[in-house]
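So that you can tell them apart, the chains are marked A, B, C and D in the order they are listed, and the count of residues begins at 1 in each.
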Amino acid sequence: MTEKVIANASPLDSQERIGVYVCHCGTNIAGVVDVVQVAEWAAKQLKHRGVVIAREYKFMCSSLGQELIEKDIKELGLNRVIVAACSPHLHEKTFRTACANAGLNPFLCEMVSIREQVSWVHTDKAAATAKAKAVISGGVERVRHHVPLEPIVVPINPATMVVGGGIAGIQSALEIADAGFHVYLVEREPSIGGHMAQFDKTFPTLDCAACILTPKMVSVGSHPNITLLTWSEVEKVDGYVGNFTVTVRKKARKIDEELCTGCGICQEKCPRKIIDDVYEAGLGYRKAVYTPFPQAVPNRPVIDVPNCTYYEKGTCKACEIFCAPKAIRFDQQDEILTLEVGNIILATGYDLFDARRVTNYGYGRLPNVFTSLEIERLTNAAGPTNGNIVLRDGKTAPKSVGIVHCVGSRDRNFNNYCSVICCMQSLKFAHLVHERTGATVYNFYIDMRTAFKDYDEFYQRVMEEGTLFVRGKVAEVTNVPRYETEKGKLIIQVEDTLVGKQRRIPVDMVILSTGLEPRKDSKEIAKTFGISCSVNGWFIEKHPKLDPIATMTEGIFIAGCAQGPKDIPSSVAQGAAAAARVLGRIEQKQMALEPVRASVIEEKCSGCRICNGLCPFNAITFHEDRMVTEINPALCQGCGTCVAACPAGAITGTGFSNDQIMAQIEGLMMLNVDQEPVAA
Amino acid sequence: MTDPFEPTIIGFTCNWCSYRAADLAGTARIKYPPNVRLIRLMCSGRLDPTFVFKALASGADGVMITGCHPGECHYIEQNYKALRRFQLMRRTLQGFGIEPARIRLVWASAAEGAKFASEVTSFIEEVRALGPLHWGKNDSVPTLTEAVIQQEEVPA
Amino acid sequence: MSDYLLYPGCSMETGARAYYDSLKAISEPLGLNLKEIDDWNCCGATEYFGIRLTPAYALIARNLALAFNQSNGTRSVVAPCSACYLNLEKADYYMREQPKLGRMVNEALATGNLSYVPGSLEIRHLLDVIIYDIGLDVIEKNVVRPLTGLRIAPYLGCMVPRPDYDHRWSDHEYPVELDLLLKALGAEVIDYPLKTECCGGHMTQISPETAFEMIRRLIATADEREADAMVTVCPMCQLNIDGYQGETNRFFGTKYHMPILFFTQLMGLAFGIEPKELGFGLELVSAKNVLDAIGVQAPPETPPAPPRRPRKPEGLPMPAPLINENNIKKALKKEVTK
Amino acid sequence: MTDVVLVSSSRAPDPNQIEDLTLLEEVASRTAGVSRLEMCIQCGTCGGSCPSAADMDHTPRRLFAMLRAGMREEALKSNTPWICVSCYHCVVRCPQNVHIADVMYTLKGMAMEAHLYQDSTAPDFSQTFVGMVEEYGRSFELGLASQHYLKHFPLRLPSMLPMGMGMLSKKRMNLTPKRIKNIKQLKAILKRATELEDVE
């Protein structure tokens, strides 16, 4: 029986036997659309189009509703099903499964929406009912051209790549590696750790960043299942979910990592001192050969070629002279690695907003204006001042400090989004400054956003400590005094909006709570991995609420700030979640892809190559020998752009073929339904 | 008395942004006139110009094409192709002696249910003003300048 | 020879004659060909908008319409006065942003057989033209009497760099164009953080106390930073700081003597033109000290360059400023090549 | 059982002020360009930036809040628009790109219509200035300044005299106003513009 139905399924043999199922959805639909009339109409007026049965039922998605359909398929030998109910985004799966249970190929079932697109948006019952009929007629005409499809099954390579060695990436890598699968962790900098490694304390608990991060970094470095590729960047991604081929450039460290013992003598002896504007945020110095920080993983230095005297003048080699294991390799070249992985997790993080762009805050012009990252380094015991919070002169402790919120955030002149972490970060600074210097601390905020667990409690605590809060966006920071009391100070000019007056508050130090920005090259990264970016440059998730971890490209997941500003707990959570998704895939060993794909009918292909440039997923290849184009079904994401572009009509798009769309148009226009006026 | 002219609009939506926008309009119970009937494509890039002409030739008075915002296409950049084809279609229609204003391109993200509804409403009114389309028999060809102005109105 | 339509504005013929005279004097060496718009009218300053909107914009638009009719070839209108510059640009911009306003204004213009299509002219300030069209290299070539040893506070006032509808300036708050120009003349440019603060504008007429305080801040800061003179690009700024300096001194019991000159006057000096041709002597706060400073040709002494890398760096390093001479000069190079 | 003290509000709110929710729209529609007034997030950047805020009875931010609250009378009585020096600091700094300076011009106009400003100095100055421009097509400092000072700061005139004389002797002021050639045309244009605005 089942087989028989399948056998009849192709539109070529025998004619269609279509079942139409109209859902009441309680009163959601029935309240506006006369579902009974619609069903009767379909049975009568669409009979000659192959409708053998039309039913209406309270809740089609209920098990009873589904059984109704399954029963008809079996007993009436239906070979097409139309369900007129809610949005296919809600229940398409449900009804396809029902059909499959009854032995009908799931892709011979089509849903049309008469709730989101009819009953919920229209009030005129007659018109709504008429539209429901039109929509159903469209569905019926369309489904006549459906053909049975088989989901595309691809194997999943258990190896996974994690790009970005910040806290989110570290979390993902460890979760997968601990589950017993191999991970390639690719990091652009010489060490993993990311921004978190630069911090001193973390809100709201104030535990030391290094204390909680270092152990994780160490286990990454020593984990048998993790291949750690630091000082490396992804250059190219080929393939598709389950079978990616990733090209990674391992930049020349100029050090033999095997021989090097990480003793550090080379850094000690290197005569060249450079301002470290990555790890030390420009506040401290490093050598031309360096490991960014003592707990670096791997504990192997790199030679900063552009700044190395040897590469400049051809002499020096101080590092080489003193290196006992003889691990210095001035002639070492970049390595290109090709790695096979099944899934990829992008955790590429964020860049800090460049506070110099807000010229009225004076960063870069007024010495004692600092950015949040600079303060992280100042407060850090391992930082350039051993944790002493001092002015730019390197010695004086500030007596009064102003902390400015929303620098570069919530501002149409810069970034119009909220950077999420700044309020809490500012409160943390208030606490640290107060604790270490006893200075008077001001916080200047537009709105206080302390939304998560224990955050508002921390706000309370900082208030108790005596931090002064001023509600108002700081207008300017100036060193031009108007009165005696302002001489030699930085003056913060702001409207205290709760008083309704302009205030000028003299302080010794200003801290700009600078916002988060997408990586400068996030758009290129997105292109490399074939995912999409918001206008700002944050990676776009598959669904903002229900799937903030996957992307529109199968097999590519995102975690941490690359998806949008977030704090450490959220980054860790998202990193773990991404890992869980990947592990799920690996466990299944293979996965089925929606068979909505484009394919070329070689006989028709004229080899004009018009389609060749259109595919952003590189699914289209041209065979010079046969002068025809071919589409790789696993790479194809089914957008259909090439189908629409082919002048010869040689490309077909399964699930959305020209026949199907054309027929649906006729159906919607009620062309095949006589006796029925085209009502609207 | 005769009924007032009720235009019929065929709307093409992309699966990821504008169809979800339409869904959201529903979930949010935002009302718009019932004159529009939607067809779901995977991407506005799938829109074959012949679909539009087919719709108009089959009796539709206007066609609305919707997709993700530029830069937010879930297929990276395919909505730009839709934009180019849209320009082309307007010119072609003009050649046929049909007002280019009978087709409209709208960017709507999955979060813009309200925008989707208001665009549908205003488009229906615009087409209502243009009057019924009698495919082929239309002699009211807009002046070039009008057409140019309309071209410029295309969302970038 | 680059051609421009000149919109002088009322004050150039009276209060700011020095500005006009010096501008005429330096046009020739700079190869600046300025054609004054015939029968131009007042731009309404900041007064008209507050009374009636459409007439205010019609008043400005008449000038744009006249300019467009009289423009043979050139699209650029140059205004030396900040308020005039802003008003012309504002009208052009808002007629674009709000078509309704554009329609009404044109309807009004029609009664005078005039019309103006917003966007058909480009409104530029004199300084913008001199820096970005003429270029610093040309200026440097013309310098025969470098203003060596002269300490100048560069003062732009508010309405040139703000709101800057067409993004012509390096910054809204700390633009560097005037600094670069004065450096090119050989003057010593002091760091003057109030360079785009307001001079009080019409407050001298409405609430003198308010105005005097704003004037005081400007003069006091320039004086504190040991400037020999302030240099401005705006007749209103010059009038307030020069004309009302005496009254401000009386009001606060201060004794400031801070001459304020137009940048074109200093250019003229550096180009070797006679002071009286440049309208020196018209200022109420005498700029004699400035002339003396030039008269005494102290040999140019180059300050010892700081060691590239201090052996032992003191204090904590600072980030480099975002807009610095180099990247602005690069930008200028591009402008030139374009 | 503790005593409950009932506190009654000192004065019932004035209904006229609470009802007038059209005010914000009116101001926006009368402002050149797109005001974006409704986008204000009350951050106070304007009030903080203003060089003359000290002399304002309300900061611009608070004034905008009053417009939202429909407090027409208070808002139009405010001296804020008159103290505004149009320096555009607030405009370029406003995180919501509100056209603050232009809103101030609108409020001046509305205040004059409603005769709600308290101090007539500024309105008079604008009127005199515009009067001259309408008459001659050019502004005319001496006439303007002297007329204005005579009326509003008679006591300051003497101390201002040296400056005035200085300006005169250095020929930085005209004794007689200069008139443009085609003043007829200008007058016609302004007349038409005024009519157009009145129908709006």
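Points worth noting:
Note that in this section a residue touches a chain if its C-beta (ideal position, glycine included) is under 8 Å from a C-beta of that chain, and two chains touch if they have at least 3 such contacts.
All values reported here derive from a predicted model rather than from experimental measurement.
Across C-D and A-C, it is C-D that has more C-beta pairs touching. Averaged C-alpha coordinates give centres for chain C and chain D that are 25 Å from one another.
Remark: chain B and chain C have CA centroids separated by 50 Å (rounded to whole angstrom).
Note on chain placement: the centre of chain A and the centre of chain D lie 49 Å apart, centres being C-alpha means. Shown for chain A are the residues in touch with two or more other chains, namely 360, 476.
Residues of chain D found to touch two or more other chains are 54, 89, 92.
Residues of chain B in contact with two or more other chains: none. If the chains shown are joined wherever they touch, the resulting network has some other arrangement, not a path, ring, star or complete graph. Pairwise, the chains that touch each other are A-B, A-C, A-D, C-D. Within the complex formed with chain A, the chain D residues making contact are 41-50, 53-54, 58-59, 61-62, 89, 92-93, 95-97. Note for the complex: chain A touches chain B at residues 87-89, 113, 115-118, 120-124, 127-128, 130-131, 134-135, 138, 526-527, 530-535, 540, 544, 552, 596, 614, 616-617, 637-641, 643-645, 653, 656, 658, 661-662, 664-666, 668-669, 671, 678, 680. Interface residues of chain A, counted against chain D in their complex, comprise 360, 406, 410-413, 446, 471-476, 493-497, 500-502. Per the touch definition, chain D reaches chain C in the complex via residues 30, 32-34, 51-52, 54-55, 81-83, 85-89, 91-92, 101-102, 104-106, 108-109, 112, 121-122, 125-127, 129-130, 133, 137-141, 144-145, 148-149, 153, 156, 159-160, 162-163, 166-167, 170-174, 178, 180-182, 185-186, 188-194, 196-197, 200. For chain C in complex with chain A, the touching residues are 171-174, 193-194, 217, 221, 309, 313-323.
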